[in-house]
Amino acid sequence: MGDSLGKLFTITSFGESHGRCVGVIIDGCPAGLAIAEEDIQKELDKRKPGASAAATTRMEEDKVEVLSGIWSGVTTGAPICLLVWNRDIDSSEYEKNRFIPRPGHADYTALMKYGGFSDYRGGGRFSGRITAGFVMAGAVAKKLLGLLDIEVLAHTVEIGGIRARPKEFAEIKENVLKNPLRCADPEAAEEMAGLLEKVKAEGDSLGGIIEGVAHNVPVGLGEPVFENLDGELAKALLAIPAVKGVEFGAGFSVAGKRGSENNDPFAIRDGRIVTLTNNAGGILGGISTGMPIVVRVAVKPTASIAQSQPTVDIQEMKEVSLALKGRHDVCIVPRAVAVVEAMMAVVLCDFAMRAGLIPRVIK
Amino acid sequence: MGDSLGKLFTITSFGESHGRCVGVIIDGCPAGLAIAEEDIQKELDKRKPGASAAATTRMEEDKVEVLSGIWSGVTTGAPICLLVWNRDIDSSEYEKNRFIPRPGHADYTALMKYGGFSDYRGGGRFSGRITAGFVMAGAVAKKLLGLLDIEVLAHTVEIGGIRARPKEFAEIKENVLKNPLRCADPEAAEEMAGLLEKVKAEGDSLGGIIEGVAHNVPVGLGEPVFENLDGELAKALLAIPAVKGVEFGAGFSVAGKRGSENNDPFAIRDGRIVTLTNNAGGILGGISTGMPIVVRVAVKPTASIAQSQPTVDIQEMKEVSLALKGRHDVCIVPRAVAVVEAMMAVVLCDFAMRAGLIPRVIK
Amino acid sequence: MGDSLGKLFTITSFGESHGRCVGVIIDGCPAGLAIAEEDIQKELDKRKPGASAAATTRMEEDKVEVLSGIWSGVTTGAPICLLVWNRDIDSSEYEKNRFIPRPGHADYTALMKYGGFSDYRGGGRFSGRITAGFVMAGAVAKKLLGLLDIEVLAHTVEIGGIRARPKEFAEIKENVLKNPLRCADPEAAEEMAGLLEKVKAEGDSLGGIIEGVAHNVPVGLGEPVFENLDGELAKALLAIPAVKGVEFGAGFSVAGKRGSENNDPFAIRDGRIVTLTNNAGGILGGISTGMPIVVRVAVKPTASIAQSQPTVDIQEMKEVSLALKGRHDVCIVPRAVAVVEAMMAVVLCDFAMRAGLIPRVIK
Amino acid sequence: MGDSLGKLFTITSFGESHGRCVGVIIDGCPAGLAIAEEDIQKELDKRKPGASAAATTRMEEDKVEVLSGIWSGVTTGAPICLLVWNRDIDSSEYEKNRFIPRPGHADYTALMKYGGFSDYRGGGRFSGRITAGFVMAGAVAKKLLGLLDIEVLAHTVEIGGIRARPKEFAEIKENVLKNPLRCADPEAAEEMAGLLEKVKAEGDSLGGIIEGVAHNVPVGLGEPVFENLDGELAKALLAIPAVKGVEFGAGFSVAGKRGSENNDPFAIRDGRIVTLTNNAGGILGGISTGMPIVVRVAVKPTASIAQSQPTVDIQEMKEVSLALKGRHDVCIVPRAVAVVEAMMAVVLCDFAMRAGLIPRVIK
């Protein structure tokens, strides 16, 4: 029932992991935006299983199809329907375990909520595959944000306890696509890759942290008191499967800080008001400050693991154990980086439109 | 523009810190719910400045007034308008510093977004005082949740680096109102109180962490993929001034965990399916699992401090320093505990209605 | 549950006929709009019981109170709460007939929907009195539309079968407040007044038709395919108690027309594209054409009449007859004229904001 | 921007007349509803160009494709994506007249609103073809309403001034599909057919009136004061291209009636409360009364006619004349009958869900 997001730039998700397709409708995109299929495909490709040990061996072609709303490479003002067809599907494992929920996965809650009628194959609506639609919507949002010179960038900052050293925005931008871990710190990336190989061999999985940064966001985005920029970002990011926490700027570390330390002093630089630190993560009172938006999301280890785990057979109502054979990412952090970017772009785009910064027709 | 929250149980906030009143409208509350003014007053009283050093010396009577929707102690099905009148207002400090934003506060973003027209007195719409309206709405939501035996409880788990030891739900419930810190661990509470006195003397402030727990939440609440239970909770909790992060269950600690460790094994206890651990915080795939909902929010140190801080005079466009004389909470964590409870109750109530668990007329 | 209207300029209605107050919250009004209490009061006064036989003898002072969102005569960007307190209330008649629904009134449906818990006194939420809130919201909307030179005007075009002769916009504007019937044709107004006296003496009531016209509406307002300008206007106008039909331009007469006759030819006048006729009522494809918006609403005769009518006693489940003694308008058309104007203004304002024509801050 | 409709049962329209497809997404449909493709195809077939002179000669196969949300003939609780592919497209006429708006059509407003970027071929989003999506959604809604024994039926009551004689519900049901005019009065249908032939030969078009009736609607549907059953029905029906007016029950005739005549007396029949007449059209105070919902919509004559009409060339800014050669319906009333039924079903379904009458899982 809740498959739409956004007020003026609204996206609606549809499709299932092993159904015919995964797609998205974007309603409210201004007319006149030039956008090529390659613009969308480029983003889709970022969430493809990479060369790393982190990823599933399922081959996803994921070639974007434009069903409506874009004509001769330009948006028409009509709802934009984008989808990728599903291929290379192996549902056998799922049929077998239909009533045996995987620990840590949404199998159980989906089965209970939809009375056994949900499409459980490949996790159905709860598969990470659904985020292909998020990424296609994000590609359009990014194009729009580009008109305002807003840039959104995400990168891996932690996997399995290994932390990347902090990097400047320019360096992140340069490095992030250079390794399949999407980590701007090459040494940490190498270490992460090693750990992933090891954990894969153990039939286990790893969690991590992704950081998203948005540059050049103008002051004033966000609609307090309930439709705050941070609140809407958090909601959108928690729609990414496996995300268990969201924090802005100094985040949870504020609990140990004093006000004198945490408050970002205002100053004037080049005639502009800035803050000298950015513990606020670019958001005060739910409204953007003009400083970079900085958000971090905690991504849990992939629920599907090869190790045997205790669970229940719901039909038989007895305890059983389950070892999964399907193809799964050891750690979804690297592939989720593109999704974090997409969701940030979608939310920022919606708020930029609400602030009147993006015209209804692009000329 | 964004002062409403919820789809079927919808609350709309209004009022300013130093205006005539702070209020809330609840639309969608079922008819026939018996609710006395004391039920609402009791919750309001919980967020009153306590006896501790943490709190402001501003005296807030905050006596609830029912303007509509409740008749002879029973809801009528019409929108419920509740408010508290403002009294004991001293706006002098604010007039003086109208163009000098307090570091860490929303003064700057509000001034920029609303072009200098926002009511800046006492922080206007961005004051913690606005949460009086949230708490009144929460009181009604709690009454409704009571019909389903759902219980929502929040408590202080960290202030200024001092952590409360974990407690069972029953113990939390028994202890939380016993000290003004709203901390279920009496020893930690004492330590926190000591630190607060010290920091107050230094003209500084402290942050902390609040944990919210909801018991007896049935399996199935939440509307994936975008209106998830965790997403909507996070959005609602980030509407509380000073909250900078939200995490569920194991939260950010998942980054260092393996799947075999983080996955909650399913088991059968007393004929019911449960999980043996609750790293998921009661939510899988954006839907409640039937286990307790566990959420933690990071609360930053109060932005308003007596120490001198660097900032700018926006009118003169020059750097200045600012030392505040107003009455402010050294740490808002204890007072925000009631607000966390309220927002959790409001969101759960909305989802319970969406799941069809609360009838449109209570008989 | 459905007491809010509008997407960017959102109004929320609250209050009951014989409760403490009737009010409205306006969320999304831009900051910086100068609006005096008299601006609002002037509109409220237009729906006061006039000097004519058409009106109830209930004295309504209806003095607007601003609870939030306007400070020193200027909007702050915060939600605006406006209300009128209820006075001069006589609920005795209602208590007596609590379970005996008045034919043609919402008594029956309200009682059934809210399980007997709704506030039935004076019709509660279903009283025409609720529209005082609509009119206050309309006053703010009109001020905003004034910035775009959009003018909204409604007038009585039919009462009890007596039709006003068509008049030009200027003449309507000049005449409409000159008689208590709000009819731009003075002769028809006199005839209507005579009929009203007669029908009042008979203990009966009359219906009629109100026409609303909006001038200077720019081309392009409306959000197809489901949030059309005509669709949203119709929805808003059907929220006015007693409205049973809405038509645009040629309206129902199109059923007997040919395309060659009904199509409005495009032409160029003074360098602007216009249509030579306006059978479309200023709307094509759900979007404004730039020609005047013309809408007519059918208003049924007041349900409450002094004549005895057959009905049922729901508690006793037996057929009874009912003759009402309360104070009621013989015909609500004249008072509803101000409400039609208000609702049109609210809807147009929302669409003007959605089209980006009204800035978020008025300078 | 406004392509979604409904709160709990939400439909989102997409696609263009001459684009790749026309489709709809239904979000919020309960899981467990058995629905075959034929159930949907049957409704789609009703809006096919019939055998009558009224219809276009464009051949539309319109075979429904289920892209998501229905699995093995049962809804899964996930968003349902349905579409028909476009075929047999001739866009030549449109290319030629790109800047010459057809009088009475949305060409002009679309061109202005979307800055020349909208897909104008075949009317793009403003084509009647878009209603194929509405009808597919209506098919699902009808299935759900069937669980409550609610039946929705529409029929032609007037074309070109020729009125059908009133018929009972059973007779309408029996007759409506028997002639291509969708008119329950066979004699009137014959007369209409004759007139259509004549008008077609003249290169002209005709308007008419469609009546929609919903039986067995329980008392209590509708969410006052702004989300009324009549208001939402009117909004949904005005989304059908060419509809210029909507009235309920006695509709515009109330303007000439007295209260004593228009009020529907309550009575008891077979132990149930009914009204002896139904001037209210089954709605009082925006809430269903339990009597049949009766609504009539005015449909204007098809804007596209073969006769030469004055219009403007917007690019050249000069007055020109235009005679259309495309294939168009002489009168869209017969084909719109299925669309009226569909929109009524969609709205009633949403309100039935809001009233808690349809469970989230159908067992």
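Lettered A, B, C and D in written order, each chain numbered from 1.
The rule we apply is simple: a residue touches a chain if its C-beta (ideal position, glycine included) is under 8 Å from a C-beta of that chain, and two chains touch if they have at least 3 such contacts.
If you're wondering where the values come from, they're calculated on a predicted model, not measured in any experiment.
Chemist: Under the document's definition of touching, what chains do subunit A and subunit B have as common neighbours?
Modeler: Shared contacts of subunit A and subunit B: C, D.
Chemist: In terms of C-beta pairs in contact, which of B-C and A-C ranks higher?
Modeler: Higher contact count goes to B-C.
Chemist: CA centre of subunit B versus CA centre of subunit C: separation in Å?
Modeler: 39
Chemist: Approximately how many whole Å separate the CA-defined centres of subunit A and subunit C?
Modeler: Subunit A and subunit C have C-alpha centres separated by 46 Å.
Chemist: Quick check on subunit C: which residues sit in contact with 2+ other chains?
Modeler: 1-4, 8, 13, 113, 125, 354, 360
Chemist: Quick check: in the complex, which residue numbers of subunit C touch subunit D?
Modeler: Subunit C residues touching subunit D: 1-5, 13, 101-106, 108-110, 112-113, 125-126, 130, 158-161, 199, 204-209, 219-220, 222-228, 230-232, 234-236, 238-239, 241, 244-268, 271, 273, 275-276, 279-281, 284-290, 298-305, 307, 309-312, 314, 317-319, 354.
Chemist: Spell out the residues on subunit B that touch subunit C in their complex, using ranges where they run on.
Modeler: 1-4, 8, 10, 12-16, 19-21, 23, 25, 27-28, 31-32, 66-69, 71, 74-81, 83, 113-115, 117-119, 124-125, 360-361, 363
Chemist: Along subunit C, where are the residues that touch subunit A in the complex?
Modeler: That would be residues 7-8, 354-356, 359-360 of subunit C.
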